[in-house]
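Below is one structure, written out as structure tokens; the observations come after it.
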Amino acid sequence: MQLIINGLVIGSIIALTAIGLSMIYKTLNFVNFAHGDFVAFAAYIALLTNVALGMNLAVAFAVAILATVALGVVVEKLVWMPMRRKNATQTTLIIISIGLALVLRNILIFVWGGDTQSYNIPVRRGFDFFGAVITPNQILVIVTAFFLMFLLHHLLSRTKIGKAMRALSDNVDLARISGIDTDRVILRTWVIGLGLAAAGGVLYGLVTAIRPSMGWFLLLPMFAAVILGGIGNPYGTIAGGMVIGLSQELSTAVLPTEYKFAVSFIVMTIVLLIKPEGIFGWVR
Amino acid sequence: MTGLTGSAGCFDAILPYIVTILLISSIYAIFALGLNLEWGFTGLLNFGHVAFFAIGAYTTVLLDLWGCPLVLSIIAGVALAGFFGFLLGIPTLRLRADYLAIVTIGFSEVLRFILLNEEWLTRGPFGVYGFERPFQDVIPYQYYNTFLLILYVAILVAIYASLERLMHSPWGRVLKSIREDESVPSALGKNVFWYKIQSLMLGSAIAGLAGALLAFYLQYVSPATFKPIETFHAWIIIILGGTASNRGTIVGALILWTFFSGTKFISRLVPLESHQMGAFRMIVIGLLLMLLMMYKPEGIFGKKEELALSD
Amino acid sequence: MILEVEGVVSGYTDLDILNSVSMCIRTGEIVSIIGPNGSGKSTLMKTVFGLLRPRSGKIIFKGEDITGIAPDTIVKKGMGYVPQDKEFFPSLTVLENLEMGAFIRNDDISGSLEWVYRIFPVLEEKSQIRAGSLSGGEQRMVGIGRALMLSPDLLLLDEPSAGLAPLMRDMMFEKLIEINDAGTSIAIVEQNAVRSLAISDRGYVLETGRNRFEGRGADILGNEDVLRLYLGG
């Protein structure tokens, strides 16, 4: 039971952060290796607002999302958009993203050092829940994550810009032919995707130690969730994130905890071997 | 610096330093030549090259410690690195190019966890030392690094020459055509998947050899020796030198390590803490990677014609 | 005259496909562009729609020079284009596909929707179904319906009958006549030249990127050279 709770918590964080990775992956046809470092960046901005500036965590949450999205918009304008104009290949974009990942992570190390840190919030006792312990922070993570996923669902299925995002991730050329301003929709996709990643990053900081490599270590589970869910399918990614989170935690019942991380690698490799297009294609 | 004795003293102090730079450069040149075969000539995105570096190093030193003759240990290390290249190629090389990147980077991290945690095999975080080095009984200690340098440069030249010959062979031409446009060799009846596997195996085996050489130089290997950043050192080396240029790769390795040693000097002059200096170096590496790919994808010394610019 | 193409040279980075093609479409016409594989039919259509930039020549739409203008601007001027494949958004519902066709409109789209549903009633029936799970013919209808949502003055269709069952193909050509009757000029690129010319006012025959023959549909069908060379007769 305890493992299931932990799995749901980490699963909702993986799901939340991986959605943006998945949407950008499909829309721009490249896998953004810097995505995890945006997650860590958000946690650090929240840390800065919460600890150094003494604001409460709700304010820090908002500031972190805004700052991360702003950074993403700057990178889109300075890097990704010009590279699209040049018709850069997928591999070129991937290598640039890994360079960006190095820059971002090491800026965090440069400014805050490599040590682990945590938010300045009161430690509260957990509740007893069917024989397991669930902490208020864990409840906060799950509730916020599901609320944000619900908002995303509303955006994607009810609003014009959300539908256009899905259209772009289906077929960019056809979107352009239909007269859709693809640059604008791509920018919105970055905003939504990185906004969710930032939210996930701040929440992640609630249940784990904040350190510069936290996003990097989240990258592999996120990839696994994206591949499991089928690239570009946000609902599949959510399902994939949950599966990865749960299997990571449940694996600790039989494997040393150090190998949690390897679970996503193994799941991902198996999926690539048997069904590379993802196993949650039907979840729409 | 005053007078002759001063400058001679200075020279004496600098010479081992230069030998060290050249040694590390030659190890990394070999390491990067393996990646250049995969990426530069075949277009494979291997983001976990360091894993094969580690496999080569650990296999060699562990077998040696268990009493296996040194030459056999090295051969086993090289072979095992190649074998893992084969294993990783199977699920990924039939699929989109980026899956290889994801799986290899994941593998390199998982491997590092294994090195850290399976202490019965790898001795865990403290690493492995006390293993034999080639001809250590014959060469006097004070000349040992100079000996290694000569040995490594000879190996580097041999690998360079073989790769150059290989790239101009029919096999090499198939690899290049895969890089340009897979559908062409495929239409000519070539088994593209198998060629890619071979390229990945050979590149990984070369990385394995470089790993053994690194172990002999360091006299010590630990999981911290094989962080993901080492992979990107190799990337920056080949991109600096010009993708698909073996000569450029060697030059790139020299530039990178000269730059690194330069920053070590500078770090004594600027008031930065050591973690900041390390982070600063990585920021430079990351920015360089981005800027080169954005504005000069053919590299500083590369030929534009050698680069496939379109998908 | 809704469209004039004058001496257009175009193609891909290192390869000219169109060596010099001229053609025109009068307002209200259906015009077929036919020719063997590699003759440049699809390239011509992509160039007109701004997906390829012509190396030389001129394209005039409704009296305005649109040479080298991007597709998203051309759409706004009243030209629609249905590509040969991937002509729909598979994970969107039929209705959402049509809404995407009208993305640039900020007014009420129910009138256009009604019109598309009148032409293709099956789309209304299946409006909530994902386009990816429709049959090939229905997907083609979604593609054409999407382009009709902006009520274009000129509709470019790249191989609208390709891959369809004979019955569906006949229906598709009838629908094109219906769309044309409502005031939309149509240009069709077709392999299936006989059926296409039969509903066309005029036709152009291309060969290796040049005009080879032009005339009324019936004249082309009656021309022995054309029959022998391009229609496999």
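All chains are identified by letter, namely A, B and C, in their written order; residue positions are counted from 1 within each chain.
The rule is short, and it goes like this: contacts are C-beta pairs under 8 Å (C-beta built on N, C-alpha and C of every residue); 3 or more make two chains touch, one makes a residue touch a chain.
Keep in mind the model is a prediction, meaning the values are calculated, not measured.
When you average the Cα atoms of each chain and compare centres, the chain farthest from subunit A turns out to be C. Ranked by how close its C-alpha mean sits to the mean of all protein C-alpha atoms, the top chain is A.
Averaging C-alpha coordinates per chain places the centre of subunit A 31 Å away from that of subunit B. Separation between the centroids of subunit B and subunit C, computed from CA atoms only, is 54 Å. Taking each chain's centre as the average of its CA atoms, subunit A and subunit C sit 41 Å apart. Residue positions of subunit B with contacts to 2 or more other chains are 310. Those residues of subunit B that touch subunit A in the shared complex are 43, 45, 47, 90-92, 95, 97-99, 101-103, 105-107, 109-110, 113, 116-117, 229, 232, 235, 239, 275-276, 278-280, 282-283, 285-290, 293-294, 297, 308-311.
Across the interface of their complex, subunit A is touched by residues 49, 51, 71-72, 75-76, 81, 83, 86-92, 96, 99-101, 103-104, 130, 146-147, 150 of subunit C. If you check the complex, the residues on subunit A that touch subunit C are 160, 163-164, 166-167, 169-171, 173-182, 233, 284.
Of all the residues in subunit A, the ones that touch subunit B in their complex are 30-31, 33, 79, 82-83, 87, 89-92, 94-96, 98-107, 109-110, 113-114, 217, 220, 223, 227, 256, 258-259, 261-262, 264-265, 268-269, 272-273, 276.
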